[in-house]
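The first chain written gets the first letter, and so on, giving A, B and C; residue counts start at 1 in each chain.
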């Protein structure tokens, strides 16, 4: 027996706290060996080595691709119908060949460029805000009855 | 699905499947077995094929054999410790843990009583241990699973359940045109239906039961007449 | 065919039961029947005498009568014996508990015993060959082939039809030697009847006041109580079996009893007609069907609806009489009716009575019939029996009243 040749860890060592993983591994190996010994007269070399072309699937629903059997129609169970709707949408989304891009390449390039040129955009922004302020002031001036805004004037 | 289906008998060698298997990996469904390199049928019925590589036998059967992943309807039989015993029409009763429901904790147990109906998924199916059910999906949400309230419930052959659940089945859509309803079809040959009135529910149940012996071919014709069945 | 078409019993889940209850409330039945409507009864006679296959919707029953010569019991040395045997093993449901299965068989068997044996429907004395030595032992075997509710009615009708169809060989007993004559030597002899009982089953629901007649299995399983009444063709009550939890008042039982009495009469008429047709067919040698034909359903069926529709067309008078009967019976008679009895009390009573008196097959005639002209009509009722009945009835009813006073009180309280 090959297991006899192999050096084995003693029980005491395996019971140590840090050896728990090794212990599980060793136990599994032993188990495998035992079961192999149990069926040794039924198993043959062919069964062990040949990788078959067959996959066994005992469920009809998976084989036939049956849909889920819980359905509701025409508002009988709104909660369930929402769920079904979501599922259908998801399925359709999955079956489509490629997600349509919301932003095309050109737009992407533009925004990218815009991000790169933050400095420029900032100056533009400043100008814009300045213009806004002037407008604001103008509107303030029009309102004759409003006398308070001295601070604003001082700010500029 | 190919148009010309062949009928296989138990013990018969299915060479057509073997031929395909030489070229690629194939999936053998229920009713087919592999004996070394041969494929042998273990049930009687038409041999079905789904592209690209799935084969199974669509035998007429009433006794449910649990398979992992199936969606089934079960009747709660009893509570046993931290489990419920559920009758799903298989040889052994299935079990479902108290914790296999949405938002269930040790303290907050679901309130189920004998006679209640459950729409559940088979989590574990093995010939040697009792099947285990679950009423939540992988996200811990109940989704479509759970207790079925009110409505009417009846048992049919496994084939009828499967027939209704095919993607191309016209039956449910045909009934939809007649009346609003809710349905749960278990692949274990159990159907639960609910419509607005008792009379409608009775009609609905009878309409579905008329499909019991329909084949794939006849079903279109019957569905055309469903309206008249529902009127009765 | 020797197996239930349904492997699983309906009516095991809460939603089925509550749904049936609510449907009953709205007067809806799954097969579209009205609450007082029966399924069609179809009879098929086999090649052998006394072989009958009966179907009532999806409920199917096969009855076979046989006989041999045996020794009588010591208590009744001058009477033949009637043995009834029910077999429902073929229709066990997969999800059925053993206890309920046994219970079902027992209830059915006891119902048949009470309907046929305790009511003494066969003239057993005519089956005696030599007193305390040789008698005919008649045996009825009932095989349930498919169970879709109302096994009670199906098996009593089948048993009665089989008994009426049956012929026994003639025998002679000369110098301590029995000689049985074959069919060629002497004609076979039919059994002699004193009366012809059949049962009618009703389901009572808490949700509805209207009992359902001839229930399917789903309706039976959802029912709160089941009432089985056996009546003979003279509309005399032979058995009453009322179990379950629904509060049944006298009125409901009365209502059932009247329906059942009428139904029983029609059923016996139907069986007679079917027998006549069968006899006609037997004249033609090629027209006899074997057991395989019965089971393959290739043999012609004699349908209740078909045969009795003809009947209705031929003479309308009995129908009209029935209507009158219905109207007149509702109120004044209730006092005289037997009170609802607990399930197992009846048979003991009858047995006790039978030992006292020969004609004591529970002579509780419908009081209605005495009042209406229809009761006088069936001329076959022997006048002297009717006389005896009067005295006997009062006697038996008083005893019963005493016995059942408890149960009666209970009922009224609930109501």
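Definition applied: a residue touches a chain if its C-beta (ideal position, glycine included) is under 8 Å from a C-beta of that chain, and two chains touch if they have at least 3 such contacts.
In UniProt terms, the chains line up like this: A = GH13671; B = Exosome complex component RRP40; C = Exosome complex component RRP45.
What you are looking at is a predicted structure, and each value in this text was computed from that prediction instead of being measured.
Trainee: In this assembly, which chains make contact with chain A (GH13671) and also with chain B?
Mentor: In this structure, no chain contacts chain B and also chain A (GH13671).
Trainee: Select the chain at the greatest separation from chain C, using centres from the mean of Cα atoms.
Mentor: A
Trainee: By Cα centroids, which chain is closest to the centre of the whole protein?
Mentor: B
Trainee: Just curious, how far off is chain B from chain A (GH13671) if you go by their C-alpha centres, in Å?
Mentor: So the centre of chain A (GH13671) lies 31 Å away from the centre of chain B.
Trainee: Approximately how many whole Å separate the CA-defined centres of chain B and chain C?
Mentor: 41
Trainee: So what's the Cα centroid distance for chain A (GH13671) and chain C, whole Å?
Mentor: 71
Trainee: I need the residues of chain A (GH13671) touching at least two other chains; which ones are they?
Mentor: In chain A (GH13671), no residue touches at least two other chains, as defined above.
Trainee: Contact residues on chain B for chain C in the complex?
Mentor: Going by the criterion above, the answer is residues 62-63, 75, 87, 89, 113, 115-117, 148-155, 192, 198-199, 201-202, 205-206, 232.
Trainee: What residues of chain B sit close enough to touch chain A (GH13671) in their complex?
Mentor: Against chain A (GH13671), chain B makes touches at 21-22, 24-30, 34, 36, 39, 48, 50, 54, 56, 65, 67-71, 119, 125, 143-145, 158, 161-162, 164-167, 172, 175-176, 179-187, 194-196.
Trainee: Could you pull out which chain C residues touch chain B in their complex?
Mentor: Chain C residues touching chain B: 6-8, 10, 12-19, 22-23, 26, 28, 30, 32, 94-95.
Trainee: Within their complex, state which residues of chain A (GH13671) touch chain B.
Mentor: Touching chain B: residues 46, 52-77, 80, 83 of chain A (GH13671).
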